[in-house]
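Take a look at the structure set out below.
Read from first to last, the chains carry the letters A, B and C; within each, the first residue is number 1.
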Amino acid sequence: MTKERIALALVVVLALLPLLFAAMGESYYLTVATRMMIFGIAALSLDLILGFGGLISLGHAVYLGIGGYAVGILDFYGINNGFVQLGVATLASAGAALFIGAVSLRTSGVFFLMITLAFSQMVYFLAISINSFGGDDGLTLNAHSDLGLNFGNTQVFYYFVLACLAFFLWLSFRVVRSRFGMLLRGMKFNESRMIAIGFPTFRYKLTAFVISGAICGFAGALLANQTLFVSPSIMQWTRSGDLLVMVIAGGMGTIVGPVIGAILFLLLEKVLASFTTYWGALLGMVLIALVLMGKTGLLGSMTKGGRSHG
Amino acid sequence: MDKRILLLAAAGLLAVPAQAADKITLGFMSTLSGPNAIIGTEIRDGMQLAVEQLGGKIGGLPARVIVEDDQQKADVARQLAEKFVQSDKVDAAIGFSFSNLMLAVYKPLVDAKTVTISSNPGPSQLAGKDCSPYFFSTSWQGDNWAEGMGAYLQKKGLQNIYLIAPNYAAGKDVIAGLKRFYKGSIAAEVYTPLTQLDFSAELSQIKSSNASAVFAFYPGGLGVQFVKQYSQAGLKEKFPLYSAYTVDESTLPAIGDDALGLIVATSWAPDLDNAANKKFVSGFEKKYGRVPAPYAVHAYDTIMLLDTAVKAVNGKIEDKPAFLAALRKAQFESPRGAFKFNTNQFPIQTFYQGEVKKGADGKPRIVIQDKALENYGDAYAQTCSMK
Amino acid sequence: MSATLLLEQCLNGMQLGIMLFLMSAGLTLVFGIMNLVNLAHGSFYMAGAYLCAFVYASSQSFLLGVIAGLGGALLIGLIAEFLIFRRIYKGDHLDHVLVTFGLTLIFNDLARLIWGPAALFARVPPFLAGQVNIFGLISYPAYRLAIIVVGLAVAALLYGLLRHTRLGMLIRASASNRTMASALGVNVVVLYALVFALGAGLAGLAGLMAGPIFTVIPGMGDNVLILAFVVIVVGGLGSVEGAFCAALVIGLIDTLGRSFMKPLFGLFLERAAADNSAPAIASMLIYILMAVILFFRPQGLFPPKSR
């Protein structure tokens, strides 16, 4: 079963879920599933640079925050037009990714990891310090993004997010299967060879990084719409760690794997948390077991074959 | 004759209200995991003590309490709030650990007309312009203890005080609250990075200043660090340390003798002399083997408040307006003394000055010495539309 | 702003730097020798702090506490190495991230399970409490001076170990070429276990020294982990000398920055703006510094010679 078929099956299942929930009489599950899909989009965006570019970013959650705050700040000033809000969120995140990428992509490996972490920490502390937008207390939104749809209705919002997820899945598959995607993967396996052939590797990596940041920013805007609240805590490095885990555990480089990884990770977290306040330990054991059993990546991984060390 | 009896019977049947509640469901949410779990755990313990002392019944109704961990994440807290409303259909949402989480869950709860009682956070927006008849706080308004300390410093006529707090919303609010009542001169106003571990640089600055005293706000783990380092730097004698929300019964065991001599503002201490407090403290120490902290008191009061309110409406909590009115009346004895709500449904209480002294068992404890601010509500009640 | 204050702040900066070095020495060693990204480093730090504080409080003997903290961290490191880490050396960094992230979650919850969510009492031993008079100018906490002394001793010992002993030579040989060293008869498996335990022990030492001045609480290693990573990346991954220099530089700049940024800003900003922006920049200073250094020198200040 190809990755595209799995993605299609996933979208179909997700489309049918609301009917199941309605039959069970539990509309609350819709909000749970919506949140999972939003993080699925964020994880998918990370996979573009991690799975295909080999770039381990420990600061990806910063785009969730930038996208969210874009929506929040515009709402604060009374601008609720959905196109403006979502557009600004995406563009702001793309811009931030452009800047961060321009500086970070000069490094690689663990250095890249640390620099992306550093930038996300900087934005996090900045958000805490700015009192006008709530600072650490966060910013409450007065209204949803106005796209002509009633986002207050959980079903409507659910299907909108699902449509976005489906769109980004399709877009990512296109990008990855395109010449651009091939070049990205080539760079991941052997960058020196690519440079020798004459490709501007830096430019390609930066482009992928910007696209990834933009998509994640869009996810952040969706999250702000769902919770009608945005706070700096979404940008903490532990959240970036969660995203990394979702991608790795779901299967790097498969696009749909990370989406499933996000859903399962959040589901596991929720189920475990309802049993015990020591859910962290249980989650940790699951992660370790995943690696030790050699099953890093439920959907397999693009890297298990030609991995580079160090 | 028969017709009249029939009519009377029919009238009687029609007068029976909607099905009366046979139990009360409470949704309790606080931070029970992660580095700040101590606060949420203390709140939960105080709440559970109250339920136990009431025999598992609140106002005579069997109580079902759903305990959830918000993991200190705003989006998780929000989701749990929606679960309380849509899935569990709770009669009241209680608990809550931190103000940013409280703000995240406020709208979904209040818009669903769910009785919401905060056992800890008291954000200024909810005391003021965003107040709601469905929201109550049995703890405080967030600036209160700082205001109490400010009033005390003003009363003592102290001047040239060095202010230091972490650089985030609460830090700024606490300093602002202090300045609302303290009108003396300020030697310096310093905000430190939130995750800073080592205060040597700031302590050296203090040492070289001409301040007469220091006021610090460092909650939780930050407080433990700051006080220990302050004492180790030998500053306590020359620069007496005044604080609010920095040391309390939950952090004193970790700080130890380094906390001796600190002056704090508080609305409660274990040695407050009244019957409700004796029952609370002895019950808590027996059940959990440690001295309770103020957070536990606030949660205990939440349950006691619900108990008297449910009794007042004879268990008919489905009659929302009556239930809300009964809650607002708040006729119960808290370990802090007689409890009373302000017009914005935040408490009116007395704030004391306390000092950390060595107890009879050799361990440091907070001892109340003086009244700082009596029968005070908060600074935001006027902007609340409820009167 | 007086000369004594400046001197004292420099001392503070140096002390912070040495503290950072203690926290990061083990991490850079493990990365440099075994190419292992160890996010659980903070957990060994936490273990050292908890065990020392607990044993010291129960037995009233600081010596026993130190042995418990150091020995405990070493032991936990050895066990973790045997059970888990030795299987992932061959994996790539992502496997390391996943496993060590999971381990951190487990250790944090374990600490909360055993000792509860409240902070643990950890005190400075009486013989180190009190102030020391330096040059008759500054009175400085004795315990902080002790940290400086211990840190310098550790740095010297590590340097001596790696450069001037046979064991150090074996370690460096295995780092350069594991298969070759093994073929030449070096028991690489045992060696790696020793190095890992050493790394854990160093983290535990940092933890038990930090306990009395910081807060002993579940998750205390998380913030320290980031700081340690910043130090080793700036210093050059795998270089102990680099970590030492980077730690000192970062400690000094952070301390001096925090002390003098507000008056500096106050020179050309009005007071309220300076009050607000200075602490915000101060909290980002370490990261700004790292970003700048990596921009100009992506391999860090003192990358180890080619491997």
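Keep in mind that, in the parts below, contacts are C-beta pairs under 8 Å (C-beta built on N, C-alpha and C of every residue); 3 or more make two chains touch, one makes a residue touch a chain.
Since the structure is predicted, the reported quantities are computational estimates derived from the model, not experimental observations.
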Which neighbours does chain A have in common with chain B?
C
Centre to centre, using CA atoms, which chain is the farthest one from chain A?
B
How many Å are there between the centre of chain B and the centre of chain C, using C-alpha atoms for each centre?
37
Per the C-alpha means, the centres of chain A and chain C lie apart by a whole-Å value of 31
Would you pick out the residues of chain C that each touch at least 2 other chains?
108-109, 112, 222, 276, 279-280, 283
What residues in chain B touch two or more of the other chains?
33, 37, 167, 193-194
The positions of chain A in contact with two or more other chains are 125, 129, 131, 278, 280
Chain B residues within the chain A interface of the complex:
32-33, 37, 68-69, 71-75, 78-79, 82-83, 86-87, 99-100, 103-104, 106-107, 123, 167-170, 172, 193-194
Per the touch rule, the chain A residues reaching chain B in their complex are 26-28, 31-32, 35, 125, 128-129, 131, 134-138, 140, 223, 226-229, 231, 233-234, 273-274, 277-280
Which positions of chain C touch chain A when the two form their complex?
31, 35, 37, 84, 87-88, 91-95, 97-99, 101-106, 108-110, 112-113, 222, 226, 229-230, 233, 237, 276-277, 279-280, 283-284, 287-288, 290-291, 294-295, 298-300
Which residues, counting only chain A, touch chain C once they are in their complex?
56, 103, 106-107, 109-111, 114-115, 117-119, 121-122, 125-126, 129-131, 237-238, 241, 244-245, 248-249, 252, 278, 280-281, 283-288, 290-292, 296, 303, 307-310
So, in the complex, the side of chain B touching chain C is made of residues 33-35, 37-38, 41, 167, 189-198, 200-202, 204-205, 207-208, 221-222, 224-225, 228-229, 232-234, 250-251, 253-258
